[in-house]
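Notes to accompany the following structure.
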Amino acid sequence: MADVYKLIHPVKFCNDYLSRNIRPDGRSFKQPRSIKINVDSIKTAEASAVVKCGNTAVVCGIQLELSPPKAEEPNVGFLVTNVELPALCSSKLKPGPPSDQAQVVNNIVSDIVLNSKCVDLKDLCIVPDKLAWVLYCDIVCVDNDGSLVDGCIIALMASLKTLSLPKVSYDAETEEIKVDPKSRTKLEIHSFPIVTSFVVYRLNQSNIILADPTAYEEDICGGSGTNLIVCYNKGLFCGTQKFGGSNLSKDCQDDALKTAKERANIVENIIDVCIRNHKNSSINE
Amino acid sequence: MADLLLSSTEKIFIVHGVQDDYRSDGRSNIDYRPMELETEVVSHASGSARLRLANTDVLVGVKTEIDTPKPDQPGLGKIEFFVDCSANATPEFEGRGGEQLANSISNMMQRAYQSSQAFELKQLCILEGKQCWKLYIDILILESGGNLYDAVSLAVKAALFNTRIPFVKAVLMDGGNVDLQLSDDPYDCKHLDVGCAPLLITLCKIGDKCVVDPSAEEESCSVISVVVGVTGNTKSYCSGKEIDSVKSLERKCSTIGMNGSGSLAPQTLQSAIMQGMVAAESLDEALGQALLRERQENVILKKHAYGFLK
Amino acid sequence: MPLDYKRFNGPEDSISYKRFTEDYIKSYDQLYQELIDENGVRKDGRAVDEARKMFAINDVVTQAKGSAYIELKQTKVVCSVFDPREIPHQNEFSQLGQIYCEVKFAPFSCPRKRRPHAPEAEERALSVALRKALEPTVCRHLFPNFQIDVFVYILEHDGACLAVAINAAGLALASAAVPIYDIITACTIAVIDGKMIMDPTEAEEHLAIMSPETQTNHGLITMSTLSQLRQITDFRQIGSLDVDCVTKAMDLLQKQCMKIVPNIQRVLVSNVIKYHKERKKLEEEAREREEALNKKMEEWKLLLNAG
């Protein structure tokens, strides 16, 4: 019955729940969905992570390549992030080149990662003007049930945290490159950006915010994707973006910032614990 | 092959004929329709051939270029197929209609030529790890009268047989550079060894049996066909003294694929593959004879000029 | 190649670091010895005729009508099927429904090189092969002028990816309640140096396609079957094999395809049971609510009458 009601009166269905202070999936307004992380499950990538936030599933894989650095910045390496939204992850997407939404998400993720300076690009340079690492971080969404950016950043950070670079020796005279994949050094991560998405919903003349929305909630609130994303970096507020949807009141904004800050702490801990557990289990094997 | 309307009785007639190995135009199930083959038709290509099989008309040109080999296969050359379905070939090819067919033909050819037992890519190597020949095989379908896979593979083999590659001497200079020396004589060329190049045989399933080279009427009685790529026998492509030095090789399948929306019983597939081998054997021998004769004529007599479209 | 402005591109001339490792180029014999030891045991401990254990679940993609995820050790494939929709950009009425298939590799899915984002020849060929395998399976006459989208995403490629894609697509079609004639199953066999190797890994596939110096049989075959109807829907071979070898491989493949069927059936049946249980629970709850409401109604009625 509920399914039919949801299809016929999508707005009323949502209102009925929200006016009773509960969301259609049984969460309270500021309660995010549970997170599952699995690191290093894809062996073809140098580092990888599979992240599930509720139903949203994201896979991130990092591959390493070598290239001479740019002439204008001879001691800087490359970090290339791409978010792929294949047609299979949502019924709204059609096959073909990346949709507008995919490009927007792609830009947000890249901005957050590069601006947070979590990877010092100078660490990626091997020999100035001659050789540098290129980190291709490809993030694929397998199931898009809202709050995509959260999942992407978590997956990316979890994979970056487990990444180690092989040792490279470069002969300046013969320009010969030798790589020893057995001796590796860990890549240093300098900061830890975590994103929380919100939607702003207009309910009885007032606005409320819902943390970590599902695809259904995103649709109801208008706009494409989430309305508000807030980024925290190790307890420091580092950015927010607002797209479409209803207006955001001062109270709601403060609320959102507080929720995001708390969540960033928790998520960082979750990632650390997952990586630690993975390490322990791989040692035991 | 615009929509051909056949009544059910006409279809039954065809199916019964195939059952008894006697088709409506008098052929047996493994007979091809007569074909015309002409080589060296495009003067700017390294090798070329034109084949006409009933209404199907295919022109193949081979272009050679010097390239660097792939890093994981330093001793091998490269070969690439490109099929262009001319929009005039059949009404279905208008716009982008032929693209999918063109892709699947070039794919099939690439797969058939993949094994070294089908085509030895080593003969295209100039200097290991540094320089090799790359063959671009451009296939132009001028007119489509069905059975394109077979016609294309025949024409490609003929064009490769006709291809001449200039002798190049490569010397490694210091600093890893390569110096190429080309002979002054433009006729100082070598022929490729294409004896074992594969032929594609399409077997169209009609009733419980399969036929090669189906006519348009026969094609409309069938929902599925099997394409079998069969390697050739080098012996059929050698003349005079060479014949004794070459040992005869067993024919093998270099690729198998299926076309059409139907499905097959395993026994039918097995017998189709067997039938394809038998058909390929006679076809390959006939092609070898024709190509050798053509080459001899070119050497002894001066070939009198044909126009491209006669 | 034109620059892709819709994505971020790395430097043009970047090369995977694996090119510069010591053991980048290995000879045929070296690879062979690494993969199969003299007792005929493979690198991962399997016998030559032993397939990998399959892990399959359906309904993994909540946004799709039906979906499936299949894992053969390292090979990981997701497939989702969407509701039928009218065939876009078509003038003529089509009597039979169409199946649109798209196979994509994740950029990080292949061990040898990074996959470009733009569709390439191999992906297109796999899409065509998948469509050909599925066409005889689906009752296409039931939805004329409509198309069903089948999307396959290969997260990690460790051999037999077409076979896994076909299995996943079959499972996804069944869980999306698309009418099909029979459960479709597929598997791959590699022939290396005349040896039949069931369900090869990526390294074994690579070796099977590589040409040895000798004239022995080598190649790869992928076959998909409808097990109950005993029909072959697709058969793809590459390499160089004699007829005996093809026939022998076909028998082995048929047997293996039959072995996969119960796995798929189990997943489907368990899903039906799960759905049935959920349904029962919901109905139960609805009835309880109804009873509670009725009780309330009675009370109110009594109150009204009394008042």
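All chains are identified by letter, namely A, B and C, in their written order; residue positions are counted from 1 within each chain.
Please note the rule applied: contacts are C-beta pairs under 8 Å (C-beta built on N, C-alpha and C of every residue); 3 or more make two chains touch, one makes a residue touch a chain.
Fair warning: this is a prediction, and the values are worked out from it, not measured in the lab.
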Central subunit by CA centre of mass proxy: C
Which of A-C and B-C has more C-beta contact pairs: A-C
Where chain A and chain B are represented by their mean Cα positions, the distance between them in whole Å: 51
For chain B paired with chain C, centre-to-centre distance based on mean C-alpha positions, whole Å: 32
Distance between the centres, which are taken as Cα means, of chain C and chain A, whole angstrom: 27
Multi-partner residues of chain C (at least 2 other chains): none
Chain C-facing residues of chain A, complex: 1, 42-45, 48, 55, 57, 59, 61-68, 70, 78, 80-82, 84, 86-91, 95, 97-98, 102-103, 106, 110, 134, 136, 138, 140, 142-145, 166, 168, 177-181, 215
Residue ranges of chain B in contact with chain C within the complex: 71-72, 74, 100, 103-104, 107, 111, 114-118, 226, 231, 249-266, 269-270, 273-274, 277
Interface residues, chain C side, partner chain B - complex: 19, 24-25, 96, 112, 121, 124-125, 128, 132, 135-136, 209, 211-212, 215, 217-219, 221, 226, 229-243, 246-247, 250, 254
Chain C residues touching chain A - in the complex, by the definition given at the top: 6-11, 13-18, 20-22, 60-65, 67, 74, 76, 78-80, 82-83, 100, 102, 104, 106-111, 114, 117, 149, 151-153, 155-158, 286
